[in-house]
Amino acid sequence: MQWKTAISQVNQDHEVIRGYDLHELVAKKTFVEVIFLILKGQLPTPDETRMLNAMLATMIDHGVRIGSTVAARMVNSLGNSLHTSVAAGLLGLGGSRHGGALEGAAQFFQEHAELKSVELVALLTSLKEQKIRVPGYGHRIFTHDKRTDALFAIAKETGLYGKHCRFAELVGEELNKLSSKPLPLNMDGANAAILSDMGFDWQLAVGFFIIGRMPGLVAHVYEEMTSGEGLRRLAETEEEYIGKNDSQL
Amino acid sequence: MQWKTAISQVNQDHEVIRGYDLHELVAKKTFVEVIFLILKGQLPTPDETRMLNAMLATMIDHGVRIGSTVAARMVNSLGNSLHTSVAAGLLGLGGSRHGGALEGAAQFFQEHAELKSVELVALLTSLKEQKIRVPGYGHRIFTHDKRTDALFAIAKETGLYGKHCRFAELVGEELNKLSSKPLPLNMDGANAAILSDMGFDWQLAVGFFIIGRMPGLVAHVYEEMTSGEGLRRLAETEEEYIGKNDSQL
Amino acid sequence: MQWKTAISQVNQDHEVIRGYDLHELVAKKTFVEVIFLILKGQLPTPDETRMLNAMLATMIDHGVRIGSTVAARMVNSLGNSLHTSVAAGLLGLGGSRHGGALEGAAQFFQEHAELKSVELVALLTSLKEQKIRVPGYGHRIFTHDKRTDALFAIAKETGLYGKHCRFAELVGEELNKLSSKPLPLNMDGANAAILSDMGFDWQLAVGFFIIGRMPGLVAHVYEEMTSGEGLRRLAETEEEYIGKNDSQL
Amino acid sequence: MQWKTAISQVNQDHEVIRGYDLHELVAKKTFVEVIFLILKGQLPTPDETRMLNAMLATMIDHGVRIGSTVAARMVNSLGNSLHTSVAAGLLGLGGSRHGGALEGAAQFFQEHAELKSVELVALLTSLKEQKIRVPGYGHRIFTHDKRTDALFAIAKETGLYGKHCRFAELVGEELNKLSSKPLPLNMDGANAAILSDMGFDWQLAVGFFIIGRMPGLVAHVYEEMTSGEGLRRLAETEEEYIGKNDSQL
């Protein structure tokens, strides 16, 4: 009895997910409802389902140039199977500069949402002095992130906009007073706040990113596999050798 | 211009998935509809959406004892992050004894669906003589797989039950004439046939399994991470050392 | 010129590793000397070569029951290729409860080796109060780790036993005064101290563990692949379902 | 007693590798000798040790532009740990266009080394007609691979040049009669032939490539980690979007 689990019981003659018969779930519920169930332990309300659909869809792809996609397609171009290649992309997803921002923002919101305004300002000032960035804020071009608006609009319509979302907006306001360049609440930050208001632990945040991003990685690897491009290398012009030459043994 | 892609265009100010603005998709479509879009290049009909929901939901978990789950939880128990642990599980998913059955069955159906009955019998007889199993058939206990019934019921209701599904059932009938033990069309075989009738290439089949199974892997790794079990090893009673002893240098 | 590298220059007509022609290296140097070269940027002395041989050899395997081995063999038993299976094991190696101890110990030694005795005691006392373990100390059974003796004996013979090794022993003495149970400097701690005295950055410590452990993982996956065991699952007796039952939709 | 192993027995108080006490091995043998032992089940002769050193050293790196290196460095640039990043590179290593050539060549030599000359010509002619390449032959620029000469020179000096090496050279001669462009036996082919003459199963061939290449991957990931380059993307000029635009919901 080494492995205790409350997730599922899969035997030859029945499959139970969080207490529900899998085949009844398949007949009566959508995939996203079953995702919510397996992660939360209970079925979602229609509002929660709508919100989760929106969040996962926003994460579905980041284009061909981002490192997780490049890793997956490069591994495929070396002649590997679809799942081996997708795994190389997945290894990129949780890094601190990729899905880690979602996790970091969710952790920040969940640990500090009860702070009073003056305490928050003191915290943000202290972080700024230590040059520690608050994850979930900033955009490479814009002073405002319209994806945040889209997500928060749905959060308000579904009644899921709660204290973490409000706190995330407050943090944004205070950050922008402290910072010389604009630091809008970005998509990672918005999703982190909404996940928090839906009652999900920040330690699970990257899991949503993995689930949401997986179809994009699969699509890219399949495109690579059927592209006929064969073995790829970086272009020679991309490499600069800065090491030693002509060392003698 | 080394990387050509038709999947998405992601820039600072717009994100397009297969020609559609991502934010419109998020507002108006479910996650499963966007999955279909990114993999197929066009939006699904309501029937296709219902079918894909059912297929992905059937794949969501295989319990705690299967190798992909064990790999993911073991890697987590060594003190790794969620995405690194999930990747170890994903590496298991496409193996020939796991998701590979789905792929193999889809390939078999797509390559042979046009065979005449007598040609099919000749092929199956030849494979049996070479001891090559047709993937997608067989169940460890039952002579009939009720999960296949459930999936085919939806395929019929949605009008997606087509020539590959019919062929899969025909293969099952012929196999059972040739085999001494029952070889029912199982869930892998049923999903493979339906994917084929939906127009998906067999080379993409494992991709659906990855997408469907990911929430289960995420749930297991999160359960492990929060279980407080610490570092796991196999029990000593699980190991039998059959090697040499007392060799001298 | 996006990628700068000082490691190697590999073209069609020559291959240079850290300035040396690869083919001259192959003809005149051992694999371990080339490992040292590629990681350090210069060739090792005979003493450094002997020490690195010993360190890598100590890491070569941890048996069949440890999580990294189990993950690799499980992924292989699902019908995966050798390198895909080995990768699942590698994902385990750097976890905080596995190779992470080597890294953590090396970081601790490199950051604190200059502490005066009284400062060290204050630090260790503070860590104990915060219930933070110093990595690299402790053994499940023994009060003394003979593997540390073996490594330090070679470090002394090769003249590589320096300030980090001395500091590691001092930390051990002070820890044992503070702790009710014995906390001997273990193999991770000894290797971490020696790596530090050889001038390697703690951020590279897990790299040595990966290199040293890889042959063991390869051997296990090959054994699994040729074992004829087929698909493995955990025994039913290993699973305890603690979740809900009979939930109704 | 689910897991039988002949590789090692690792308990609290002793560690045995293929029957030898690990600590004696560490004191008296080099890392490469222990690699040979763990893979072969017996210690190497000095000639075998020299040969294995040379083979592993030839594999140590392929430069910054090859897909396995790019995948590893990209994953690292997303903010991942060293071992997670190295794993992404490892996933590339066994692909059919990378380490798979070594495996394929070893399999070809082991399965056909007993062919008579006329049978070999018939086989090669048949493969050419089916447009199936024999792995281990061909070079992007040269008509002759000097790395093969270097490896075979050591194989001859160590007495390990045997029937598989002779066969590999014979295959090369016959291929060059059949082919309009030169197909020299390359490094993969030479290593495959030597491994075969050393008595290693072709199914283990990728394992040697993994062991040999690992230090190069570790060096690249460490260089990336300490490069200060931050998050990398492919240059915009590398992407060409060939998909749809302005689709309407």
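Letters A, B, C and D mark the chains in the order given here, with residues in each chain numbered from 1 onward.
We take it that a contact is a pair of C-beta atoms (placed from the backbone, for glycine too) under 8 Å apart; a residue touches a chain by one contact, two chains touch by 3 or more.
Only a predicted model underlies this, so the values are computations on that prediction, with no experimental measurement involved.
Asker: Going by C-alpha centroids, which chain is farthest from subunit C? Tell me that one.
Answerer: B
Asker: Look at both sides of the subunit A and subunit C contact and report whether the same residue positions are involved, with over half shared, or different ones.
Answerer: Answer same: the two copies use largely identical residue numbers here.
Asker: Taking the mean of the CA coordinates per chain, how far is subunit A from subunit D in Å?
Answerer: A distance of 35 Å separates the two centres.
Asker: Just how far, in Å, is the C-alpha centre of subunit C from the one of subunit A?
Answerer: 30
Asker: In whole angstrom, what separates the CA-based centres of subunit A and subunit B?
Answerer: The computed centroid separation for subunit A versus subunit B comes out at 23 Å.
Asker: Among the residues of subunit D, which are close enough to touch at least two other chains?
Answerer: Residues 2-9, 25, 29, 63-66, 80-81, 84, 87, 91, 93-94, 232, 234-235, 238-239.
Asker: Applying the document's contact rule, which stretches of subunit C touch subunit B when the two form their complex?
Answerer: Those in contact with subunit B are residues 63-68, 70-72, 74-80, 84-85, 87-88, 91-98, 100, 230-236, 238-239.
Asker: Which residues of subunit A touch subunit B in the complex?
Answerer: On the subunit A side, the touching residues are 2-13, 15, 17, 22-23, 25-27, 29-32, 34-35, 38-39, 52-54, 56-58, 60-66, 73, 81-84, 86-87, 90-91, 93-94, 99, 139-142, 146-147, 150-151, 154, 201, 203-204, 206-207, 210-212, 214-216, 218-223, 225-227, 232, 235.
Asker: Can you name the residues of subunit B that touch subunit D in the complex?
Answerer: Interface residues on the subunit B side: 1-9, 16, 18-20, 24-25, 28-29, 41, 43, 80-81, 84, 87, 234, 237-247, 249.
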